[in-house]
Amino acid sequence: MSYSKNMDFKTFSGIATFFRANWSDDWSAVDVALLGVPSDLGLTQRTGARHGPREIRNQSCNIFYYNPLTKVIPFEQARVADIGDVPLRSAFNLDTLTTELHEYYVRLHKAGIVPVTAGGDHSITYPILKALGAERPVGLVHIDSHIDCTDRIADSTVHHGAPFRNAVLDGVLDPKRTIHIAIRDPAAEFEQFAEETGMAVIDIDRFYDMGIKAVIAETRRIVGDGPTYISFDIDGLDPAFAPGTGTPVVGGITSYEAKRLLTGLRGLDIIGADLVEVSPPFDSAGITALAGAQMMFEMLCLATEAFQMRGESARPR
Amino acid sequence: MSYSKNMDFKTFSGIATFFRANWSDDWSAVDVALLGVPSDLGLTQRTGARHGPREIRNQSCNIFYYNPLTKVIPFEQARVADIGDVPLRSAFNLDTLTTELHEYYVRLHKAGIVPVTAGGDHSITYPILKALGAERPVGLVHIDSHIDCTDRIADSTVHHGAPFRNAVLDGVLDPKRTIHIAIRDPAAEFEQFAEETGMAVIDIDRFYDMGIKAVIAETRRIVGDGPTYISFDIDGLDPAFAPGTGTPVVGGITSYEAKRLLTGLRGLDIIGADLVEVSPPFDSAGITALAGAQMMFEMLCLATEAFQMRGESARPR
Amino acid sequence: MSYSKNMDFKTFSGIATFFRANWSDDWSAVDVALLGVPSDLGLTQRTGARHGPREIRNQSCNIFYYNPLTKVIPFEQARVADIGDVPLRSAFNLDTLTTELHEYYVRLHKAGIVPVTAGGDHSITYPILKALGAERPVGLVHIDSHIDCTDRIADSTVHHGAPFRNAVLDGVLDPKRTIHIAIRDPAAEFEQFAEETGMAVIDIDRFYDMGIKAVIAETRRIVGDGPTYISFDIDGLDPAFAPGTGTPVVGGITSYEAKRLLTGLRGLDIIGADLVEVSPPFDSAGITALAGAQMMFEMLCLATEAFQMRGESARPR
Amino acid sequence: MSYSKNMDFKTFSGIATFFRANWSDDWSAVDVALLGVPSDLGLTQRTGARHGPREIRNQSCNIFYYNPLTKVIPFEQARVADIGDVPLRSAFNLDTLTTELHEYYVRLHKAGIVPVTAGGDHSITYPILKALGAERPVGLVHIDSHIDCTDRIADSTVHHGAPFRNAVLDGVLDPKRTIHIAIRDPAAEFEQFAEETGMAVIDIDRFYDMGIKAVIAETRRIVGDGPTYISFDIDGLDPAFAPGTGTPVVGGITSYEAKRLLTGLRGLDIIGADLVEVSPPFDSAGITALAGAQMMFEMLCLATEAFQMRGESARPR
Amino acid sequence: MSYSKNMDFKTFSGIATFFRANWSDDWSAVDVALLGVPSDLGLTQRTGARHGPREIRNQSCNIFYYNPLTKVIPFEQARVADIGDVPLRSAFNLDTLTTELHEYYVRLHKAGIVPVTAGGDHSITYPILKALGAERPVGLVHIDSHIDCTDRIADSTVHHGAPFRNAVLDGVLDPKRTIHIAIRDPAAEFEQFAEETGMAVIDIDRFYDMGIKAVIAETRRIVGDGPTYISFDIDGLDPAFAPGTGTPVVGGITSYEAKRLLTGLRGLDIIGADLVEVSPPFDSAGITALAGAQMMFEMLCLATEAFQMRGESARPR
Amino acid sequence: MSYSKNMDFKTFSGIATFFRANWSDDWSAVDVALLGVPSDLGLTQRTGARHGPREIRNQSCNIFYYNPLTKVIPFEQARVADIGDVPLRSAFNLDTLTTELHEYYVRLHKAGIVPVTAGGDHSITYPILKALGAERPVGLVHIDSHIDCTDRIADSTVHHGAPFRNAVLDGVLDPKRTIHIAIRDPAAEFEQFAEETGMAVIDIDRFYDMGIKAVIAETRRIVGDGPTYISFDIDGLDPAFAPGTGTPVVGGITSYEAKRLLTGLRGLDIIGADLVEVSPPFDSAGITALAGAQMMFEMLCLATEAFQMRGESARPR
């Protein structure tokens, strides 16, 4: 069992790890890793995402270790640990940073570890997908207000608005098994890329017209039973629920809807997930980091269940 | 009539009492009392509820004296006053504080006064119910993210997660006439207590699947026409609506839904109510205290109407 | 085209104008004007609306220049500019200020400019309507938690709760083509004025019982195809979405609902609009000003499209 | 003795009056009155002073009832009460409001009550001085970053930058017994008025060059032993100590220096005092209101001691 | 060497321990321990100190690992580690919590570990002194706005205003070697205890009249070369420097003065230290926790140097 | 004269430019330029400086157009304008951004314009000095908590801790005419560079031991009458005065001391200045941006006077 020793009722006590899980450097003892990428070099608008992982850890301590609705207790069902933040040497150059990240996740992936990552800005998802989808393109559930398939900005193809375009062009993301949800800020050109490559898009009006249950059903239909990644940009939520983010877009979904959507994905073959774009300096009363932590917890539960389903828990401990 | 003299259009003017009602020490002139219990000794997680009553008073001044939807004007329909905060001698020990509170509410109850209380943490509801349900177990409408029927924590059966277990075990709360609404963080053991004793639970998914009108109907069916208490833990609302609370749980109801739910309880025999767990130091822009004040006002209207229905207004003034 | 030169991807760069539009003093080169009225002399409760225009400008820089759902790009479809704030000499007297405002908008109207205004408190809408409805009474879509048809307060008929009463009594607003939406704080007497004059009211319960599509349809039916003004009081939103306002009322609509409602008004003959009652000093993380900016942008799109429909874009540039 | 019953160690408990003193409407039982003027019609820059009295009351509860350095206990040495806020009918017009205020303070003065007022903006000091100095011009200790002797603004001689010019021109303030301290934002013309009328000015550089003890000595020398009023504009403090104010000026004095200065005025014939320009919406963590409350308490101690010295406590109680 | 691996230039990266030191459970490998006591049961006024240790850890990451003025690098000069928070079973009763704390520090002391503690409220210093002074009464440097020698409150001799009275009465604190600095809120009775037992007091006026160098000299003279404890209540600083605390008192010292004072204590035989009363929920922009972290770091440097001087570093590693 | 037309008493009115100066693109009409560099790519710790220029503009509107202590009115004494932010193409790479900045300032310098810049992080000062010191190395007054002469970090010699090392190595800064003031966080190696190159350092203890007048005299002595640049890192102030910055260091100077220091530099041959490292997302109540704006204004006055002294105002207007 991977309960942290300070995971008692006193949520305010002790050093803050994700969900007060154990902090471990021993990768051989980890099935599902909670980790942070404190980076915001890929941002184009408001900054602050580098401070995300630490504050998400802080707020995550308010969340208990089991999922009251699904009864999942990830820390009992797999060896879960907070393995810290990715140690990054780069500081002033997005390209070298992207390379470093890719190398790190390749190592993690080879170690058989399922990563559940807290960003950092959305540019980090590209190197993660590149590592996880190297053998076989992955499917994607993407919750966001933007489609993030933009072409180059400021002479760079890599930035926080481009991870999924990059991943498709690299052949590590299967556009046919990709769905974008809660979208409300696509530019014409980005939509074109989504359309041409056959991605599914549920924009905000369609989201509310369909209703949450139909959205879940459609999502499951698109991604099917292949290996699937979840990428949750906190700006998918309305700014009232998530003010602390880099590119807030008014008119988003509620945290209940997001939570229910994630819960509805049980049984999919989740091989990794990330929660990105929490910018604590722009937050208010910590609600963005708290909502981010909650979504990360839901994805941890999904990833842990999928890990068990795949039978990888047979690995010696 | 119990209008305060400073209850004019200048909501920012004057000493802050609940809804700018008169401040009175003369219990013989009061039918329905607004009062505070500035205590947070029963908390297990984030603190600050002791600061609740004063800040709820502060924000309540933004609320006008009539209910625009139901046309109720509580201050005209009964003798309503702010009777201040319960004077508590205890400061460092939850057991003696609970005893003190119980004695106070016994006196209030004997004086024929209907209490509408602002907490303080949720542990205060146990001594209140013990006083109000002494002759006959009361029914309960409970809005919260937690069921609050937990067993002992840190060697104590009394704490903010246990009031309804305590009240049922003491025979002052009728579990068959109890309904928990908006629940999303029950542990297995607590649910068991609810199930074994026959309490009704509308968890958050069921809440949204039923719709607000069905929730109201089910609530009315459960509590029936017996004497009923309402306990509103502000963390029933989503943290976007109520960040300032001790145990926030992402994915809750909106303040509109809560307000409509309360309005839907008109005609029940409300004998008291409380609004608990507002923690101003964790609030943002005062919205939690404002939402708390609004819910308290709705409950004041319900309690006042019920008071009139019971004909107790025949008491000499 | 009226793109500002600093309207690139760096939303944080440059002097803050509304939506980073060009700042222009040359009225002959403007079709649709964005402008501010930094005034809060008409407030009765919480203050701060004088700081609204500057902070809405600040937050509006986070909003891109096109409307992703309707594909409207106002800056391409008409000559749009930020013409600054109305220069007001009055500082301590609401009556003289109201006169000044009226004179200014008469000049603007005569110049053939469509005004999209950021308040300021709601008292500013009266002199605006007086200017715009002088030849022919206008219709009105009014989103607010209050009906704002109150009679005199503190010996004054002019204040932030009275603009529509004043406008009807002056014959510049057509009550039969007026609809109030999201109302939840009407007093009996105000409702009477609305009823007697034949205004339509969709209060908050009716709003949710009807659903957003029916609300849109009813709104279109009421205002018809005559010249129509939109007045959006930010307190129509719930305080969770808009804490920074003078008279917050718990239990309002979400920003998604408001945005969708506005989008649903495409094709109406919008001749002007305002967004009022943003009070930055009471805001939290800038979300109120951001929501206000978003609503202002939606109204800018509507006003620009209507301007084109009317063929006034034939004016030489 | 005028201790409030809730003036115990639980500073967070009970309805917030100034320093938790008794709330009284019975003027015949009051020697020294604590009261508020929730008005900001005289402001020219940032608004919010109308919210000052309530928040100063709130923060004042953190201050104990005795002065640890001087051993003064005002509530034992005179009949001190919070008499609420001045009831103002005017809301939209500074001139009528000034008249109202004057009439109120004339009545208070005739009742033999010493007023210690919390503003409100600085324009309120003019009608107060007009009432208190009617029989004999008073002396003045004025702590502020501005001299506040400006001529008309926006066609009005009355505003928050003019109280002392107005008072001198009305003959109710003796310029020869007036001293301005901590000044750092005088315009040439205002200095001219000060110089021509013979007022003393200790600007911020002189303040630090002299040292606090010399400043105290010079102040005592100027005002002498005649009746003296103290007017403390919170913007005399540096914005780090008092961010919540309408016209902050960087580079001011510390709260220790202000407190020591006031303590150094013991023995002067203080006949009234005010603390103005606290603007809670611009405050941070309540420190401005707390500093304001502390300065108000120091002035209460001075006023109470002076009251005793004058032997007016011989009045029947 | 005890550098943490994440102690690089990226202060925002990694799990937050005190000063990013290693987190260790192995007491045999620790000379000087950084630890937290997340408790606020002893508070009488504003609450929140239970959240102190985690937020001080958070802010401490902004502080580098060496002391630029004294050139001390504690992590090189002794085996320093963050050993987490004291695991406390008690939650609702101050007496049992005090017993628990005492037992813990007795064990720590027996292990030869020098504790540098982050509170928590000031009541924790009593059990710490009881453990450290058991063999021989210790001397004390106490920086605070209160003397904290109060007698019983609410029937309890143990609370945050009494640690030093308790310690003297228990014979573990030597009043003749005790000095209270920056005091500005003593009541008569508390001063009496200080005077009768022979404690030295430098109140705030004396502090500024003496000047910082003389204060340092006097402090060194009083405590001499015997074993000495430092207790720093963050409310010794002015609220502008430390708003986030339970009993703020306007008119305190600056953080520069506090830092210089501590630096001036080099060479004393420091055997432990604490930094108490940081209440993050009342903080603003984290400056209180940051100032607390800085003071804690200065005390860590002093304690490490003293540890070296005592030659205890000879212990096998 | 370069007064903006909205530079009246209503500081809250109008589009926010620096000090409400005119916004101009016509460099031929500008003597002294106010401009922003919204960049934070050079930061190593807390981020947010990219948001500095806009918020400094916002707060600068609270500052009036003349200097009350020196009587300087920069807008009358030279042609002063806000020329906007430097348009930067680079977004993700510090090296290319540094090159861009250098080219921009070369052009500005060739146009004979004196730049007074608002950062942005401190890395921007290097390209500025490289442009201004190309013909002749400049002298420097540097107010900061760090010396900023650090060698490479993360494989880059360019970052916010290195501008003055870079400038000296490039021969554009004269170390013998350089003085660092208020320093309190130098590492050994950085001091070495300062010492070896002959820079003067007044660390914080020396600052207070000397007193402000001696600091001014020493500063004047070091820089002499050659061309001199002033670089003010806002973290030179204590975090109580400037919480909103990237690398706050507890124990700094006050804003009064900083203001007085700057005023004491009148008559020096100031050829440019910058105010850097204001990070609005970490600010509280805007006081950091306000203090930054004030320091920028003082430097504007110095630069304008120096411009006049040099007789460059003879240029045709």
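So that you can tell them apart, the chains are marked A, B, C, D, E and F in the order they are listed, and the count of residues begins at 1 in each.
What we mean here is this: a contact is a pair of C-beta atoms (placed from the backbone, for glycine too) under 8 Å apart; a residue touches a chain by one contact, two chains touch by 3 or more.
Just so it is clear, the model here is predicted, and its values are computed rather than measured.
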Study note, to complete from the structure: Neighbours of chain D that also touch chain A are B, C, E, F
Exercise for review: Please indicate which chain is farthest from chain C, where distance is taken between mean Cα coordinates of the chains.
Suggested key: E
**Study point:** Between chain E and chain A, distance of the C-alpha-averaged centres to the nearest whole Å
**Key:** 40
Revision key, fill the gap. Chain centres from averaged Cα atoms put chain B and chain F apart, in whole Å, by 56
Point to revise | Of all residues in chain D, the ones touching two or more other chains | key: 9-10, 12, 44, 46-47, 50-51, 91, 153-154, 238, 240, 254, 282, 284-285
Check your understanding: Pairs of chains that touch, anyone?
Key -> A-B, A-C, A-E, A-F, B-C, B-D, B-E, C-D, C-F, D-E, D-F, E-F
**Study point:** Footprint of chain C on chain A - complex, ascending
**Key:** 44-47, 153-154, 184-188, 203-205, 208, 238-240, 243-244, 247-248, 250-254, 282-285
Study note, to complete from the structure: Contacts from chain E onto chain F in the complex sit at residues 9-12, 62, 64, 66, 68-69, 71, 238, 240-241, 254-256, 258-260, 284-287, 290-291, 294
Study note, to complete from the structure: In their shared complex, chain D is touched by residues of chain C numbered 40-42, 44, 46-48, 50-51, 89-95, 153-156, 158-159, 279, 281-282
Practice item. Within their complex, state which residues of chain C touch chain F. Key: 5-6, 9-10, 12-17, 23, 36, 38, 50-51, 53-54, 57-58, 61, 82, 84-85, 87-88, 91
